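Same chain, two partners: subunit A is paired with subunit B first, then with subunit C.
== the complex of A and B ==
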């Protein structure tokens, strides 16, 4: 990203902190490996020069807002992250007055690893149709003309659906077998903010402690279902998964179904009722007919 | 695939106000239906969290039935409308992870429809017998 745009982020953060409009700006800083990014909390105006923005800034910082309820916070968001803000606003988890949003026009982020910056854009950026944040107070960069969605976007989901039920079951059994239930996917997700998650309950114990793909399957199925119509597609869950379970496949499947059935995309605005919290009396969904 | 002598295990979540009473009606009218179903009474079809469904499958159910009041007749006015949307999404997810969506059946049965209840159980049982036992894929086996 052009240095003057990064400078704009810093200037805006400095302005917010000096004026007392916020007591913290959450943005990106350089990780200790010197090449990738990490989340950075800036509390003092002198430290804003540590803020960066480039194609390694993959994290979705919106989840941190839930822990800062009632505190004035500035935040740097990419377009996909900004949709998660709308989801939280829609669900009454954060107050619009408390957050000052520095939205960044984004051309996509790349695959990164420790001390390694990849060449290729992340998969989610290749089918992204939102390069300008959907909600912001200050915009960094010029708004883009967006390309229209195409059937290609959901090619991976369609490919999966084309397989037989047995193949699908075998595929997922193998994926879920690897899951060590570290719940990193949950922890990183801005939409997974329940104070007590169903998997943590002991009575009833929904997900048993034994090591078995069927137990893991309950977790992954319900996680995907709980995100239906709420997932903003930032794909952080898949990135943080230590065993590379293709969680985006489940999330994208839900996103496409919600779009097909209810014409709804998560987080495009903060007012529209989410489809699973609403209904139409005369709709035909192939259920009980 | 059909298996000789296979008797499916079914879990039925029946709404207290219509379908459970419908099952009672079937009973008091001396209608017979397969005894494969284990009925769990819930306040409303809207109470049926998909978690209950996937848990039932994980515990070895061959099929899960959810029955509630007809749309428009919900005791809580709109519970079954929510259930309808939820189950539409969840059924598609089940199919996606490889659980045949025919194993999850949703029916609207009123308190007066004892005959219908018995028909639903009979046809669902027949279908599950045709589908055969659920094959849990063994990883690494």
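== the complex of A and C ==
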């Protein structure tokens, strides 16, 4: 990103902190590897120069807003992240008045890991058509005309759908078998804000604690359903998975089904209730017809 | 003179071990390297720096049945889990070997954990010296080194066309393939160097910083996932549940972490580590203060796995440096 745009982020953060509009700005700083980014919480105006923005700023910071409920907070968001803000607003988890949104026009982020900055754009950016945040108070960069969706966007999902049920089952069994139930996928997800996750429930114990194929499978399947119509596609869950489970295939399959069935995409605005959370009086359930 | 084994003979030896033992070795799978059981030596990843999960999972598995309770002759019978096999783990790095030695302290101090003890007794460790240090490595600050033979049964050190074989223990000597070893005057290359971390005096610094606002600020960014604990060669928290299956009950333990929301919640709901800051402080407190007080050394080997996997870059090396710099401002 051009240095003057990074400077705009810092200037806005300084202004918000100095004026008392917020008591913290959540943005990106440099990680200890010296090359990638990490979340940065800035409380003092004199520290805003630690804020950065570049193609390594992959984290979705929106989940942190739930931890700061009721506190005035500034936050730096990319377009994909901004959709998660709408999800949280729509579900009553945060108040619009508490949040000052510094939206950044985004050309995509690259594959990163510890001490590693890849050349290639992340796959999710290649099928993303949202270059301007959907909700913001201040915009960094020039708004962009959005490109139309392409038939190629869901190619990976279509490839999975083309397999037989047995092939799909074998594929996922192999993936879930690696899961060590660290729950990094859940903890990083802005839509996973339940104070008690079904998987942590002791009485009744919905899902056991065993790191075992059946229980791993239940965990991932139920989580995918819970995110149907709510996942904004930031793909943080897949990024943080230590054993490379391709969670985006599940989440995008859900997203596409919800789009096909209900014409709904998560987080495009904060008004329309996500389809599985709403009930229409004349809705057909497809039961007993 | 030292004993060496050629690269091709190493494969022959490992092949024999797949027949006499359960051989566990680093295997590449889906872009990660994990310690797995191998039946074909071609599957072994030799060109690895270190695995994603440490070998601790073969002593303290992610999930393990402790015992089962079965109905028998009108009563019940308690059946211990005896199903522990003879293992050889190949490719253990010196940092991970130190991790196992440190795990012994809580698990084998009386009252010893019998199941862990059985895994330990029945496992032989073939260590592999590191020829390179990763950017996150700091083992030399934690009491070991890339070529440390201290905690393995056999140490292999790569040289030009093979490995120097150093039999450290009797257990190690017992599995050596005498027919494949040759005498050589080859010398080991110097071990790779790495940055140091200021651990001197960290116990006092941790103690004095107990109430410092630093921990709340650090925890701002923490996701409270369990990744750091699960990749750690030493973290040993677990949870226990009973599983009832058609009249047979299994008591199972699985890995847990101090970052879980219910970690220190007791009956009645009181949580003496409630909140994000105290939760995260617990992790570093255990490693750098409570474990050393109890067992005499930090519960960290400098393997750097937690540094590498943390999704939000909570870096223990940085934390140690920060805490040393807090200067006891807690006012406790």
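Details
Following the convention adopted for this analysis, the second predicted complex is superposed on the first by the 277 of 289 C-alpha atoms of A that agree within 3 Å, B and C clash if a C-alpha of one lies under 4 Å from a C-alpha of the other, contacts with A are read in each partner's own complex, and residues count from 1 in each chain.
One rule holds in what follows: a residue touches a chain if its C-beta (ideal position, glycine included) is under 8 Å from a C-beta of that chain, and two chains touch if they have at least 3 such contacts.
Computed from a prediction, not measured in an experiment: that's the story for all the values here.
The superposed arrangement places subunit B and subunit C next to each other on subunit A without a clash. Once both structures are fitted onto chain A, a short way to say it is that subunit B and subunit C open up an angle of 90° at subunit A, using Cα centres and rounding to the nearest 10.
Legend: residue contacts after superposition of the two complexes on their common chain; A:275 is shown touching subunit B, with no touch to subunit C. Residue contacts after overlaying the shared chain place A:160 against subunit B, while subunit C stays out of touching range.
When the shared chain is aligned, subunit B comes close enough to touch A:253, but subunit C does not. In the superposition on chain A, A:139 makes contact with neither subunit B nor subunit C. In the composite built from the two structures, the nearest CA pair linking subunit B and subunit C is 10 Å apart.
In the three-chain superposition model, subunit A touches subunit B and subunit C at no common residue. Within the complex formed with subunit B, the subunit A residues making contact are 160-161, 165-174, 177, 198, 206, 213-215, 217-218, 220-222, 224-225, 228, 250, 253-254, 257-258, 261-262, 275-281, 283, 285-288. Listing the residues of subunit B that touch subunit A in their complex gives 50-51, 54-55, 58, 68, 71-72, 78, 81-82, 84-100, 106-108, 135-137, 139-140. By the touch criterion given at the top, residues 31-33, 36, 38-41, 43, 59, 63-64, 67, 114-115, 175, 178, 180-184, 186-188, 195-196, 200, 205, 208-212, 236, 239-240, 242-244 of subunit A touch subunit C in their complex.
Chain contact summary for the complex, subunit C toward subunit A: residues 29-32, 34, 52-53, 62-63, 135-136, 217, 220-221, 223-227, 229-231, 239, 241, 243, 252, 254-257, 260-262, 276, 307-309, 311-313, 315, 317-318.
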